[in-house]
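Chains here go by letter, A, B, C and D, matching the order in which they are written, and residues are numbered from 1 within each.
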Amino acid sequence: MINLEVPKKFAVLVSQAHQMAVEVMRPNSRKYDRAEHTYPKELDMLAALIKGMNESGALGGAGATGATRSGNGTAPSSSPGRSGTRNGSNLANVLSIAEVCWGDVGLLLTMPGQGLGNAAIAAVANEEQMKRFAGKWAAMAITEPEAGSDSAAIRTTAKLEGDEYVLDGEKIFVTSGDRADLIVVWASLDRSQGRAAIKSFVVERNNPGLKLDRLEHKLGIRASDTANFVLSDCRVPRENLLGSPEIEPKQGFAGVMQTFDNTRPLVAAMALGVARACLEETRDRLTEAGVSIDYDAPALSQSAAAAEFITMEADYEAARLLTLQAAWMADNGKPNSLQASMAKAKAGRVGTDIALRCVALCGSVGYGEGELLEKWARDAKILDIFEGTQQIQLLVVARLLLGKSSSELK
Amino acid sequence: MINLEVPKKFAVLVSQAHQMAVEVMRPNSRKYDRAEHTYPKELDMLAALIKGMNESGALGGAGATGATRSGNGTAPSSSPGRSGTRNGSNLANVLSIAEVCWGDVGLLLTMPGQGLGNAAIAAVANEEQMKRFAGKWAAMAITEPEAGSDSAAIRTTAKLEGDEYVLDGEKIFVTSGDRADLIVVWASLDRSQGRAAIKSFVVERNNPGLKLDRLEHKLGIRASDTANFVLSDCRVPRENLLGSPEIEPKQGFAGVMQTFDNTRPLVAAMALGVARACLEETRDRLTEAGVSIDYDAPALSQSAAAAEFITMEADYEAARLLTLQAAWMADNGKPNSLQASMAKAKAGRVGTDIALRCVALCGSVGYGEGELLEKWARDAKILDIFEGTQQIQLLVVARLLLGKSSSELK
Amino acid sequence: MSRPPQTLSDRSMAIGLRALNRFAGSSVVDRLGLRDPAERFLYGASKTTVRTAASAGRTFAAAQKLAKPVRQPTIPPTGLFDLTPTDEQRMLSESVRDFALARLRPAALEADAACQAPPELLTQSDDLGLTMIGVPEELGGAVSERSSVTAVLMSEALAQGDMGLAVACLAPAAVSTALSLWGDEDQQATYLPEFVGEQIPAASLAVLEPRALFDPFRLETRARRSGGGRYVLSGVKSLVPRAVDGELFIVAAELEGSGPALFIVERSAGSISVEPEPAMGIRAAATGRLVFSDVELPPSALIAAGRPEVYAECIQLGRIAWSALAVGTGQAVLDYVIPYVKDRTAFGEPIANRQAVAFAVSNIAIELDGLRLTTYRAASRADQGKRFAREAALARRLASEHAMAIGSEGVQLLGGHGYVKEHPVERWYRDLRAAGVMEGALLV
Amino acid sequence: MSRPPQTLSDRSMAIGLRALNRFAGSSVVDRLGLRDPAERFLYGASKTTVRTAASAGRTFAAAQKLAKPVRQPTIPPTGLFDLTPTDEQRMLSESVRDFALARLRPAALEADAACQAPPELLTQSDDLGLTMIGVPEELGGAVSERSSVTAVLMSEALAQGDMGLAVACLAPAAVSTALSLWGDEDQQATYLPEFVGEQIPAASLAVLEPRALFDPFRLETRARRSGGGRYVLSGVKSLVPRAVDGELFIVAAELEGSGPALFIVERSAGSISVEPEPAMGIRAAATGRLVFSDVELPPSALIAAGRPEVYAECIQLGRIAWSALAVGTGQAVLDYVIPYVKDRTAFGEPIANRQAVAFAVSNIAIELDGLRLTTYRAASRADQGKRFAREAALARRLASEHAMAIGSEGVQLLGGHGYVKEHPVERWYRDLRAAGVMEGALLV
């Protein structure tokens, strides 16, 4: 039975996440925006709390880790309701992540123990690895200076020498790379074999072959560090390879890529959180300025600010429901690559657009550092870029709709 | 000295064109929209008038013909003012065409003697041809069912047999093809040699090898007929080939393509005319509805309708000035391919967008046939398609900006 | 045709027997010949419908009295996020989609040119029981429970065939739904039997007025109070579907001293002039203009005592309906352009291989799905008795902006071919603009 | 360096001798080393500028009296459509562009982080004579004729280097231009000499107030009338460039019983609190907030007797100025992304070969050029004494919408690299949003 309301069973979860956002994220938002590269120590306590809640099941997995346990055909954890549908961890995750990012997306991204590497480990690690890496914070190192979105162009190599893989290469844009305990590094076993030879390897942060090159100074999400690394003669035990060590054309890379299908709705959820923060703040400011918003009167019959607000809300709503749809499909074992990319594309662009428009509506209040709107307009932009840019999402959507391979539709 | 006002010397021209639009175009607008495929006989008188005015120089060449006489390096006809700049026939043409299209773009497109074929003849015909084809109405046949924007894919062939070229093929979307005296047909002398082998041939409408297949039923510009032809064993004297009969790699096609550089600002001007008609009508309707537009108050502080109107006006203004710029450059012998395509791209999309938005602002008055807004929203769309679609214009602009060939950037 | 009885029975209980009966009795569905065998049992023997044009002489009168108005029950919510339609919804919308694609689509070009739906098509659509969807079972309705979502799904499916014909088909259903939702016992008894009978009257809900920035909460059509609780109606209504043939209208008017309200107006009331008002699109709906010049109405004409929340709900449900139509026609665009851009070649390969073309298709799909979900949410909130003014407004806003863009992009993707009537995209360009213009006329 | 005298003399007459002198005396231009030989003669021997920080002790006082205010003459229009700048305009804007690219651009990253323009850069920019462009020659100005177009071209050129630094450089010029355009003889005599001298005061035009939907024609800063024709000023001004160092402000306030008007406010007037107010962008302009708490102003503080048309012109010229800055920074984006997308490869070829990338570049160019022409037209109408409120509003609207989009697209084209401070596009993303927010502060 068609129902697009947030299920009541997640009310506590959402409310807890909101409280976290209000009490921890928002008060520290400007502080760590200004103090880039300073570790937000306030998060340690929070991470412990989340861990506790995750273990007790209260959060349903509010971090990046939880999201990847189900989805895309793997068995969902929650039991179906009487209507036969499941509302599980994927839905819980997008809801709670949006809520936390309403507080601060940069702080969420640097939440200890909730790195993208954790998601990768959760998705493809074997039992022994799961155990060995449990409780550790894992970052993810994919991008290289010359590769960008083109994962097949990865130049970092991994050579098996005895019981060790030797990694050599350069990685950029590693979120929380300097803060994490582990870094999941994408490297090629054989560059001549293209995507199929790309594997991911778990590297301990203190591995002497892993050298921090620099921390980026960024437009936004400044609470979250972005590290660039050089790997030279970086040796990891062969047990640290995630997934199959064989080069299997197609299958191998699909495993690596699957992480993306699972994380795209999460990034969409981040954009939703930022967008909602902007909308709520702007609505308050507009109310102060005497603007009222009437959902019964046609938008074009109202004030320009009200019409612009309603238009933004409408696009926000579309992005939000696309995101919930993608998560719901994952919860119910339906393949959702198309919907995940649609959600990410829409939420990514709408998030940035809303944030920038809210800045203008609020004038110098929006543009100045006295409030957070200008920060959100900076933060939002990354969400249309990382985990696959807007253009990558449109490519994925088009290929699926048109039945095109990546060589036909580049 | 920088000045973007319409020069005073064209005031009479613009006013005459406006009068024509008011007295001939507008009163017949709905009539020939409804009576598709009926020849608008009211234009015969007008065509004679235009011819007279053109000959007397009063109009500065208000039709499609005049526009192509100068531009792109050829000598402009007007003398430069004291500031060293020229305001010549190209500028006169875009101004007068916009004005006439404020009246009705469909009727302009079927103005006797003012076909695109006339523009082609004016651009590349030799003296003998000029004389022979003088005073005749010439349509232009380029597109083929399988070719679209891809002029290199033209399948119509021309074979020299004795003193005649024998044309065989199929042509679609021939504006005024059934009404014109002549049809300028693009055909390939040798399909294996690609673009360089494409030449244009003047075919008399009554040539027995030229068979009318059908007249299209169209979304808009219904006053202007669009014909599809089959050419089979269609024989024309070899003197009817326009330009050089030799296949010269690059040079040959450039000549044919040059027509486009000259006509793009004219099509942009058509879009401007339609857009201004929409804006004026909408402004009247909004005034009736109690909306006032204040250029001093910020757009976002006003009513939604006022803000939307100002936004549309702003984009109209940008399109208008880009178009005037392209024409002014042609008048002054400056290469303007980039500016011509920028103008066409912007005016094409803005024209359609404004027309569609005006329909919505005016509600059922906009949507109903009682007024002309809905018609303009139908008419406008062709202007973002013919003479090179929006996408073709963006390609041209990008290739020029990025220094890319058409094989690099497809 | 042999029917596997246990399956039918199981299904019938699950999805509402009256709906099944209605479909089984429909001559249309059978003739479609589109059903897979597993579904075929649903449609009984062909029924030949012979009818006379009864509209001229029809009088609306209560055949039996009702003690109190009858309302459809609502479906109790499950509390879970769910995008799965009920079996009943799925089956109804599939049937309607089949009808829309097999019957409406082929008739659309001609109906658009004629500004008229073919009468036999309207009869076929009446046979589908569209006017019965919103009517309580006790009054002869077709579906066990009240559901805007069901109506949304059916509207979407119809508009996938053709928006103009969909409006023509659905216009009387707006009237029957309004009477079912808000009519009192006398209004229901007087009018509803006609909408569950054999000969469905041409009827419309007239809200829109001909001016820029029309706001349905600021009407210029007025109902003055006159003696004996009677009303006198004056004003102009614009783009009313099937206006010229209309026998019954529900008209939105500003009630003197009260606010906007709905009035039942029989065409036979007199002092109503009607003229065709063809528009850019939805032409098959035979839109017309109604002019009311001091039309005298009985006290029983006023619906729901003019309660403002009823009027607001009517407007909101209408907006959801138009968004649903935009979803259906938007889907038609998407389904049409995908094979087109894959087949069409330029510069040596399918144009689908060009990013600009491919991304345009992606964006159609993305905005369409966003609009669809937003529309569903508004309807589902209505079904759950939650406030849905905001959600309806958001769906309308998306429909206005993105449906317009989808229509325009559909033409653009076909280039010059999109501009000629050989391809339906030019019609969808015109139809989709309606979503930002129309108010009322439909209800879900 | 030897100067070919006849050429200099010819040129000097043609383009305004004082401007040339000013440039010739500038130590900056020489150090740039960018001039081609044909232009080099314009710049004389290097001059070492040694200055003390004089701002603390500066008092504004008329050194000589004027009989009546002096205005720059305007250039008589030719009546022809023309996009060719005058020789003077071309030379000035080329010089300024060289300065902007050679000096501002390299300093921009650090100045953005520090929320402060380097003092030596401001001195260099003062040496360029920006504050003299709008001042009549009789009062020591630099250019023979009044021209908003000239100011637009120079603003655009500066912002091509960096918008924040451009605002810092141009802020005092807004004050000198305002006094030149609208000051009376006493106001001109008192303040203008400081703007054509060696030590240009930090000065700003303060219009913006900190609230949503700020409308400069509905000010909350108020000037009450008090005894003896004096005024008492109260209110808050937001994002005022160089506010903390500011010595002189022109402040927009609602004049009791009249309407919005401009007041000259010396920092030394007291009861003014100033604090830094850093923002998303234009941070190098050291924006700050001014709070006026019953600041007493003499009768001579009011500009142009509070005539509403003067105030409106001030706001309109400010909007053109911000559009001009958006053009300059938009051009910087375009010039940056073109080589980037040609160099950057992905999937085996330059990303410029992808339609989505290429079309994004095309659209930046198209919208940028449209904005540029619209801005020029507004300024050129101002120069011709035609009304230009509409044209200024249109330029602002384009700047707000398209400059925002250009900034966002600039980052997007670089992907993750656009998000880090190694590339300037992230700064342009922030700066370009200012064009839709700022009012006042600049004048052309």
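The rule is short, and it goes like this: a contact is a pair of C-beta atoms (placed from the backbone, for glycine too) under 8 Å apart; a residue touches a chain by one contact, two chains touch by 3 or more.
Keep in mind that this is a model prediction, so the values were computed, not measured.
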| item | value |
| --- | --- |
| Pair sharing more residue contacts (C-beta pairs) when A-D is set against C-D | A-D |
| Chain of greatest Cα-centre distance to chain C | D |
| Centre-of-Cα separation between chain C and chain A, whole angstrom | 41 |
| CA centroid of chain A to CA centroid of chain B, Å | 49 |
| Inter-chain centre distance, chain C versus chain D - centres from mean C-alpha coordinates, in Å | 57 |
| Residue numbers of chain A (touch at least two other chains) | 299-301, 305, 360-361, 391, 394, 410 |
| Overlap residues in chain D, where contacts from two or more other chains coincide | 213-214, 354-356, 359, 400 |
| Chain B partner contacts - residues on chain A that touch it in the complex | 299-308, 360-361 |
| Parts of chain D lying in touch with chain C, wherever the complex brings them together | 354-356, 359 |
| Interface residues, chain B side, partner chain C - complex | 143, 146-150, 152-153, 172-173, 216-220, 226, 282, 285-286, 288-289, 291, 305, 352-353, 356, 359-370, 374-375, 377-378, 381-382, 384-386, 389-391, 394, 410 |
| Residues on chain A engaged by chain C in the complex (per definition of touch) | 1-9, 81-85, 87, 91, 295-301, 310-311, 313-315, 317-319, 321-322, 324-325, 328, 339, 342, 345-346, 391, 393-395, 397-399, 401-404, 408-410 |
| Of all residues in chain C, those that touch chain A in their complex | 75, 77-86, 89, 149, 213-217, 312, 315-316, 334, 338, 341-342, 352-353, 355, 358-359, 361-363, 365-367, 369-371, 373-374, 376-377, 379-381, 384, 386, 389-398, 400-401, 439 |
